[in-house]
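Chain naming follows the written order as A, B, C and D, and within any one chain the residues start at number 1.
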């Protein structure tokens, strides 16, 4: 196995809090192990455009607590083509990169997998996305921060809901997975939680709201995952208003505040651990895998598997949600 | 002047952070001056429904740091009729109230003014609304907290805007007044701020965005007051996308998170001061006024004037906004 | 196995954010399963003083987001005596309690274990303490919140440390365990972390600070666990000042802010899960155990074991700490 | 009056949140008015060491929301000597500076005043300090943020105080002025507030605590300004313990967390306004003054006066404090 001399790092796809902590960890792990770290700007686009920068330990000072990614992220249609990837590889080769760490979600991992398969550049994936929908890790970087952001926002809305006896429908992120909605919903004391994995007929929601009303609850919070199939939070609002003309229904779409903010302690530690693990994997001659954390231990999952499989919602948690909103 | 024995307090209209601190201050000021404090639930509706409660110092313990209003607020169509107000007055009289403190906005003050004019119950207004659009006070209770909430939200959106070179249009509260948009916009470093008081032609926005782009800014935040007449943030988004097809435009409506949350230090102190001032005014035989703060001193403004006049945006601040976004 | 009819719940020992969420979950789980929930005020003291209160679902509304414990906690010397426990048991029996859920740390679990052994009252422990030093669970309720509180505080201190080229020694909680110091230290980007489990000679700290200085770092954060044996943060400060007369050294003891605050999403969900698990264990005829979470699954550990064993610091995390502060 | 071509800006003395926003505003105001902005690192030390840097609009991007000062601040004994100031002036002259904006407190303003008197370099002071103890402005940059930081910290301590029926003595910053203690104390619902401007005999504190106890309050928060003359918070603690052996007394010194953190909306807007005002003053040929805000309007105060006079505590606020803690 050839000695590792130069490793690139990039962030790709939707940004997530903790990506900077992950970049910092990759850079410093490289330095710790005598490898030269190279930052690639704007994801795969920067590889194609040859927008690279040699890093040192000071390059990543004071970023561990910053949201977003200072390397930036960008969509890159060109990289989805074999020609784009070939161009990217040429630049990587010219720069002397003998390994690449890709921080992002499954779209980003698909790119890494193809780059390695087609051109032999050893790639490691690091799961960075607020959605927590990546197989091969219990938690993705950014997810814990997003949960806290959502819960803080719903706490605020609860203040006004309670003051006015209102029903709030709150849409949170999670196109394919209800992790954010389910956990933040439990934590915020939501009366109902609608997620893609557990489609309830709308009648059930109406029954539940009616029961709430009878039990003396005068305000309600319903958390809706954007991936829920009931037709979107605005359509849901119309349905509730038709069924309960007396209710004052309000809709809030939390939107992009969920992506930003200072990363939580958990996300910073997770990012630090996975950054180290990604460089150590490359040093061990391992590639084509994503590093993740399972049962608090570092594990590696082939990129192919990380992309194709999905974490299931914990069904016990669905039950907990039912019980605590009694 | 008859001695003051029993004073009622209610919150009305949209809730605002710091209302609880104001209720607490009214209650404790009463006790301090040997007056019996009576809480009225759900605003004027509670007065009509005779939903009153005698308070003591402990009744308002541990609420100074809570958002919303624990007395709740409600719209009350009935109180807008002379019959409704007569019913409310009968209950106030039966309960022995010889004064009433109304915490709310101008709609609430109109009710107080009519109640006093028609039935002679001495009323004092305390300005509680996040919009800061009430004449007779430099700051309304809740405004400072809302500003911080908005700025924190935009800081989060800035993280993701910067990571992706995106343009964000962010709608903030302020139907008739751009105070929130202007101040939060400056504080969040927004590239453009659109407010009702300073309607700019859409061309000017486009020019500014074009200049920004030429100056090397790759992401932009535009803060839009909900009262801005450019047709709403979604229409604006379409206009920008037509003019700048290359731009990726995102819209966020901050919504009701702006109403809730723990009140800021400033709002808690302001609420404490105005609560004391409202009871002291009643003791001095003064009524039909709103207590406010001007140049850091307590002032009184006739309710009529507080309702009919409006604070103007500080034009110097518009200039500051232009300069710091150079 | 006799049917469960009435279950008591109390919080004991040092308070931790999320205890209210745990109480809420125990109360609502009881109601869900047709059991009458009984709250006991001020821990074991309330059991001896017969300070009990029947709960319903509304009794625990709007507390999930509150720090501290609304049932209060108290030290109780009397309960440490067989006579005290006998008195407590008499009250429990008179009230018809056929189970007791104790939320607290290992001191509280010792009491529960003795109460069950001596009098046969089925007891379940729920781990609530910020220190995370309880065997039988990966995380204790309150720990995640405390970590975020510590990291936010150090982020603030970093601002001023960087502005002034200063060295800060920051003492965090953790008398016997360095979990808070190690995780918060990594997350806050501390240059050095001193914990009881990994005693470094003071020379090593001095060497490290000297290296930092040579590497161009002009400010430093050293996080010290209160249980660290180097003699306390003030003594350490004197030692550093003697060795580096040029350094301006500042000491901050974070203190009790670490115990309070709104619980994080994670702590609220964990508390909700463990509350449900505690009642379900009693229903299953299980007692004398603590419910915890291991590898994301609910597990039960005999109270005796939970008290006598201790979680070890993850040695990989120590290595991560070394690498990312390169 | 000669045209203004080049203006320097520095931060000096203790750092305060919002200093970065002020630097940004000075830099962008210069650019807006066609002046070249020059940043000076580490306060007056940087002027003596000739550590200057030409700025452009992008140099100050993304700093408005950062605590501390990216230009850094340092004590500089040398600048306190005529020789030091002469050396500083030579560098300023060589760099072509025809104006200097000094962001800091009264020590910093003394330096500016002497530099202008001795060498004729036009200087403007901008009040940046968390203590709010500078004459000529209602608010200093950083004060509002520090208030919110203190109130959030006390809110957290309140959680644990209430859970355990404890008395907490909390020391906050303010060596010569009780602004932070008084305002944060009111906002946090402190039972007692001890400030330098209103020395109470210790007996009065004891009486008040005794009354609190009798009124059924089982926990108490006492906020103590570091400048209070009762001998420091630890001595006070001993005195309370002697008088109330039953009380469990805890001490927390908030320390340097009060200096850091993201600036509040108010501080960012204030800093933006004062930055603009400082450059506009120089353009108007005015110097030797501090720009401040009085009754929401920009005012100028001779540096000499800003240094020698002091803002008094609002005595009405002392009364409000007494009333709301009834």
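Heads up, the rule we're going with is that a contact is a pair of C-beta atoms (placed from the backbone, for glycine too) under 8 Å apart; a residue touches a chain by one contact, two chains touch by 3 or more.
Just so we're clear, the structure is a prediction, and the values are computed from it rather than from any experiment.
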item	value
Approximate Å spacing (C-alpha centroids) for the pair chain A, chain B	36
Inter-chain centre distance, chain A versus chain C - centres from mean C-alpha coordinates, in Å	28
Geometric centre distance via CA averages, chain C-chain B, whole Å	39
Residue numbers of chain C (touch at least two other chains)	155, 158, 162
Overall pattern in which the protein chains touch one another (line/ring/star/complete/other)	ring
Pairs of chains found to touch, sorted by chain label	A-B, A-C, B-D, C-D
Touching residues on chain D, where the partner in the complex is chain B	21, 24-25, 28-29, 31-32, 57-58, 61-62, 64-65, 138, 144, 147-148, 150-152, 155, 158, 162, 183-184, 186-189, 215-217, 262, 264-266, 268-269, 272-273, 275-276, 294-296, 298, 314, 316-317, 319-320, 322-326
Residue ranges of chain D in contact with chain C within the complex	11, 15, 17, 19, 66-69, 72-74, 149, 153, 155-165, 168, 250-257, 259-261
